[in-house]
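Chains here go by letter, A, B, C and D, matching the order in which they are written, and residues are numbered from 1 within each.
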Amino acid sequence: MVVVMQPGAEPQHVDAVVSRVEAAGGQAFVSRGVSRVIIGLVGDIDQLSTLDLAGLPGVGQVTRVSTEYKLVSREQHPDRSVVHVRGVPIGPDTVTLIAGPCAVETPEQTLASALMAQAAGATMLRGGAFKPRTSPYAFQGLGELGLKILAEVREETGLPIVTEVVSAHHVDMVAEYADMLQIGTRNMQNFALLQAIGEVGKPVMLKRGMTATIEEWLMAAEYIAQRGNLEIVLCERGIRTHEPATRNTLDVSAVPVVQRLSHLPVIVDPSHSGGRRDLVLPLSKAGIVVGADGIIVDVHPQPDLALCDGAQALVREDLEQLSRAVADLTVYVGRQPARRRWASAS
Amino acid sequence: MVVVMQPGAEPQHVDAVVSRVEAAGGQAFVSRGVSRVIIGLVGDIDQLSTLDLAGLPGVGQVTRVSTEYKLVSREQHPDRSVVHVRGVPIGPDTVTLIAGPCAVETPEQTLASALMAQAAGATMLRGGAFKPRTSPYAFQGLGELGLKILAEVREETGLPIVTEVVSAHHVDMVAEYADMLQIGTRNMQNFALLQAIGEVGKPVMLKRGMTATIEEWLMAAEYIAQRGNLEIVLCERGIRTHEPATRNTLDVSAVPVVQRLSHLPVIVDPSHSGGRRDLVLPLSKAGIVVGADGIIVDVHPQPDLALCDGAQALVREDLEQLSRAVADLTVYVGRQPARRRWASAS
Amino acid sequence: MVVVMQPGAEPQHVDAVVSRVEAAGGQAFVSRGVSRVIIGLVGDIDQLSTLDLAGLPGVGQVTRVSTEYKLVSREQHPDRSVVHVRGVPIGPDTVTLIAGPCAVETPEQTLASALMAQAAGATMLRGGAFKPRTSPYAFQGLGELGLKILAEVREETGLPIVTEVVSAHHVDMVAEYADMLQIGTRNMQNFALLQAIGEVGKPVMLKRGMTATIEEWLMAAEYIAQRGNLEIVLCERGIRTHEPATRNTLDVSAVPVVQRLSHLPVIVDPSHSGGRRDLVLPLSKAGIVVGADGIIVDVHPQPDLALCDGAQALVREDLEQLSRAVADLTVYVGRQPARRRWASAS
Amino acid sequence: MVVVMQPGAEPQHVDAVVSRVEAAGGQAFVSRGVSRVIIGLVGDIDQLSTLDLAGLPGVGQVTRVSTEYKLVSREQHPDRSVVHVRGVPIGPDTVTLIAGPCAVETPEQTLASALMAQAAGATMLRGGAFKPRTSPYAFQGLGELGLKILAEVREETGLPIVTEVVSAHHVDMVAEYADMLQIGTRNMQNFALLQAIGEVGKPVMLKRGMTATIEEWLMAAEYIAQRGNLEIVLCERGIRTHEPATRNTLDVSAVPVVQRLSHLPVIVDPSHSGGRRDLVLPLSKAGIVVGADGIIVDVHPQPDLALCDGAQALVREDLEQLSRAVADLTVYVGRQPARRRWASAS
């Protein structure tokens, strides 16, 4: 941490900062400038940050410097990780295509979506059984029935399932069916949920909060990691900006930035970022060439009948284009398609 | 809802929209312009919004017009509501001052804060026992022990308590101790929590998500209302903007805007908006003159020792100034201080 | 400035930073932490900031600490300034009401607006002759004809005029007629315009860019000051945020924040912030109680015929309410109405 | 346009809207719903938008529907345009690489940068002689001397020049030297500058304002087009968001969105978006695969000595990687490198 004193701070103000830091077992290094004093702090950041130095008289600004996430940081774990979901890898050597309906509606629609996805090269199935919706009057998902449908479709297709969990209450239930638990954008800082998921032994996909900074996102991942679960895949899904032409703005820079800071895999969701079918293909391409470890897209056999976000779901023709683009660009970035490495133990 | 067709949309595209709306029991009213066709829809908005008209060929844009929140809207309930918290009113005739420590740390610190608050005219006590923190390594609150301390301080001071609940798991436990449950900014769209709180028979303070629109905020309130709880107080606590000088930007306009749309009381949190002690007083004044029904502030007997957000907590002298400002401006806006109307049944 | 080295930076990387700083006449003070080295820099910030230290190997982050604005800063000029516009003061002892039409349309409309304004206690007249508009097809103002109308209305009413200048080309022409030149939100970083205005001997009102930080705003003021003109009044007019209910979000905190950093007067524009007539009164009150040195509002004798921003212009009844609020709250904040102190020399 | 009346609006309010629209030569089509009346308007949008319908009693909301930009819209000009800069095409069949120093500092540095750029496949040279800087104390560019240096380097290398103009005053002077005039992000709504540039017969590169919507950006282009200049290239250069890890957030979606709305070419500036050297390569790739018509990057022979934005300038090794990526992905998107088609007439 660095403490910058106000111009005109008294010597006893500086001393007070130093004393408090030293009392807490840290070291304070004072640098006197022409108009300001700067104090560099060394020690246990967690300890130091409880000291409320900003509240001391004469203190102008306190800046954290070292990262507060540890378990997910690349400083601790220099090699990038691979997360396996029922044998399907997500990591630096592959580009994993995950596809499926936004919401599970019926067994037929889910199976049809899964077969479309699989034909296009997807090796994991997405699908929502619990849907967090802005309006309490919108379709909220089928709940456990939806999970059962997903499990049946997995039986038929062999595709591992990722599905959202919206409450700590449901973690165990969802974990019984799903291969990977998804934390949605609105729950990225639902710390009770993060902790509950940290304790269940399943891979997790953590979507970025739509207005979270990258640092907050990694801190949210740290909450999961701290409970012993490092099987975390981050998912960039667009941030809220002033631009109304797209639902959110895909922050494509976040992919390389995160990969430099954290060893966790990062994938991109082009469907929810743009909220428009015509942007799914270009944003998928952008994601892959900047280094994303996978792409997750909405598909629907009949998007005009979808109960949720039909406007962004890919139809069959789109999916063929996407499939080709993923294949070509996977080669371009020197990676492999993400094939399942071992048979399901179910 | 209004559907705007793309320029050059075919007549059969228009017909398809009309048919789908009529099939769902709505009415569609077609207006042909020089370059575009516009279709006005009339009917059950919930029904109509599941139709995914935006996914039909030729459709350019679909705009919702009527509000989707109902129970909390002023259209349904023209008079502004009063919420009573153990006899203390929050509503259009009063300005309620709520004060207390950001986090409950010790019985002594909590009692000292409560007495400071009470001396300054506060008629409710705030204090966090469960603290949602960006970092898993930061102080997370005392949990149930903190709730017990709050309850003891209520015994001694008679001040009703508002405290945050961070997980649906804890709703019953927190409700046993608290007089009003607070939903924090990070949980505004934690729908499982909103629903759980909707089912407990206690008043709720719903903080605005730091990047929520006013519409999303009212929809979140609707989630609670829909479960039968209309004892909701909204709390504007600053939104995330590009300005780094303050932690968040107090959206003071939100107070009159919300009061026009909803019958629920609205209060302002000047401490968390600015994140700076020197802004608490001016922002409190601003809140009151734009019509806020109350103010909620952090106080601490020794802010430099606070375990949480000490930089923004008011000390004794500040609180005297605040007390005077609240008193004077309460008169200016033609309201009363919010005194407890009946003795505690505890 | 503070330089934070990357974890694992080599000693020679640290030496390189130190050498470059010292070669430029600065001092570098090295603080070695457990995992990082921090270097505090002391010297001429302008000089130091040209060194591109961030580009050196091993450097993690470079943070500016001392303010880069000087002439407008309170460090240089501890007392808050008063700017006089043809004898009307804007500064810490008064609350100045400035009112008038968004755009000058006709002599009749301008005079009627000015008389309405004056009756409500306004002591300065606003009115646009050059209108920067998002669309090239929108009404762009009457140009010099508008300036002549304003000058005639000043003759009749004695009200000094503030009007916008949109191009360095027009500075001399506008300065011939106006008593105070306004720089609009879209031109806050039009540096050629700032410099041209810095050289003309007239007071200036500098609106905040709708997405400018406070620091950028003060830097823009510094551009004017640097050319010898310190007669600058800052005007907070709302910032662009994610909230669609208002045109922009009034950043009411900016008033006390700026007053702490700069000696320049700060006023508030409640009309353009909210873009809604019903918000002008509450936002004006908020501005005054947080310490604004004045308020600038749009009025129009017949807003439904206005060629520009009629939706936010006050009508006669509104103006009476505003007048009363300004008078009452001016007393509350312990200030005077801003009366002209000397007769016009015209 | 669509007018949505407030719930409870009186019939005479509806009539008033209709009358005003018809008096202005438009048509109004009334649709009565259960709780609201919606009025679709047909006619000259420019005319209709001056009517201030939002100011009429009973009116709830007025929404523009048809685009207000015309000359730059794809509705008017279905084929995407090609802009030629001294024979170098920027348009749908090519990927044009533009490179050079952020600021022109010396003849040697400029020539070295140009040769680096050319070796990497660039067919245009960028370089700033006039630099708009947030601080008045930062290096502001060499002015006309910088233009002369650019012209000399063009003589030696044959590379056409694009350079920024910051004031309407300088348009003629800059146009004498430059092959393409650049309008920077801070001047995107400097309408006087847009108009002046519209009148000079040279291609223009219009950078997106860092907080402009796509619609505002196209409107700014319309200002230029309206003065008779359609040789406009749009440049996406990142928008201001809440994310601090990058200087701005590249809005990669803007490329396909703009190409759908406008026939103008769109290029991407990965250097200024991210502000970090390590992001230039991934963001360039992202730009090309989403369909950008070119890439503009900062290079510098010795970035650690650069007077401006050295932290983002590419060095020789980076440029080789970029060169390869541009070549490979140009093939991937089925385009050609942008070679000069005819010899310079100088």
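One rule holds for everything that comes next: a contact is a pair of C-beta atoms (placed from the backbone, for glycine too) under 8 Å apart; a residue touches a chain by one contact, two chains touch by 3 or more.
Quick caveat: nothing in here was measured; it's all calculated off a predicted structure.
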Relative to chain B, chain with the most remote C-alpha centre: D
Separation of mean Cα positions, chain D and chain A [Å, integer]: 32
Centre-to-centre distance between chain B and chain A (centres being mean Cα positions), rounded to whole Å: 27
Rounded Å distance between chain A and chain C, as computed from the means of their C-alpha atoms: 40
Multi-chain contact sites of chain A, meaning residues that touch two or more partners: 211, 240-242
Overall pattern in which the protein chains touch one another (line/ring/star/complete/other): complete
Touch list for chain A against partner chain D, complex: 211, 213-215, 239, 241-246, 249-257, 260, 273-274, 278-279, 282-283, 285-286, 289-291, 328-329, 332
Residue ranges of chain B in contact with chain A within the complex: 46, 49-50, 52, 54-56, 68-69, 132-139, 166-170, 186-187, 189-193, 210-211, 216, 219, 222-223, 226, 240, 277, 303-307, 310-311, 313
Partner chain D, residues of chain B touching it in the complex: 2, 4, 7, 27, 29, 31-36, 38, 40-43, 61, 63, 65-66, 75, 211, 240-242
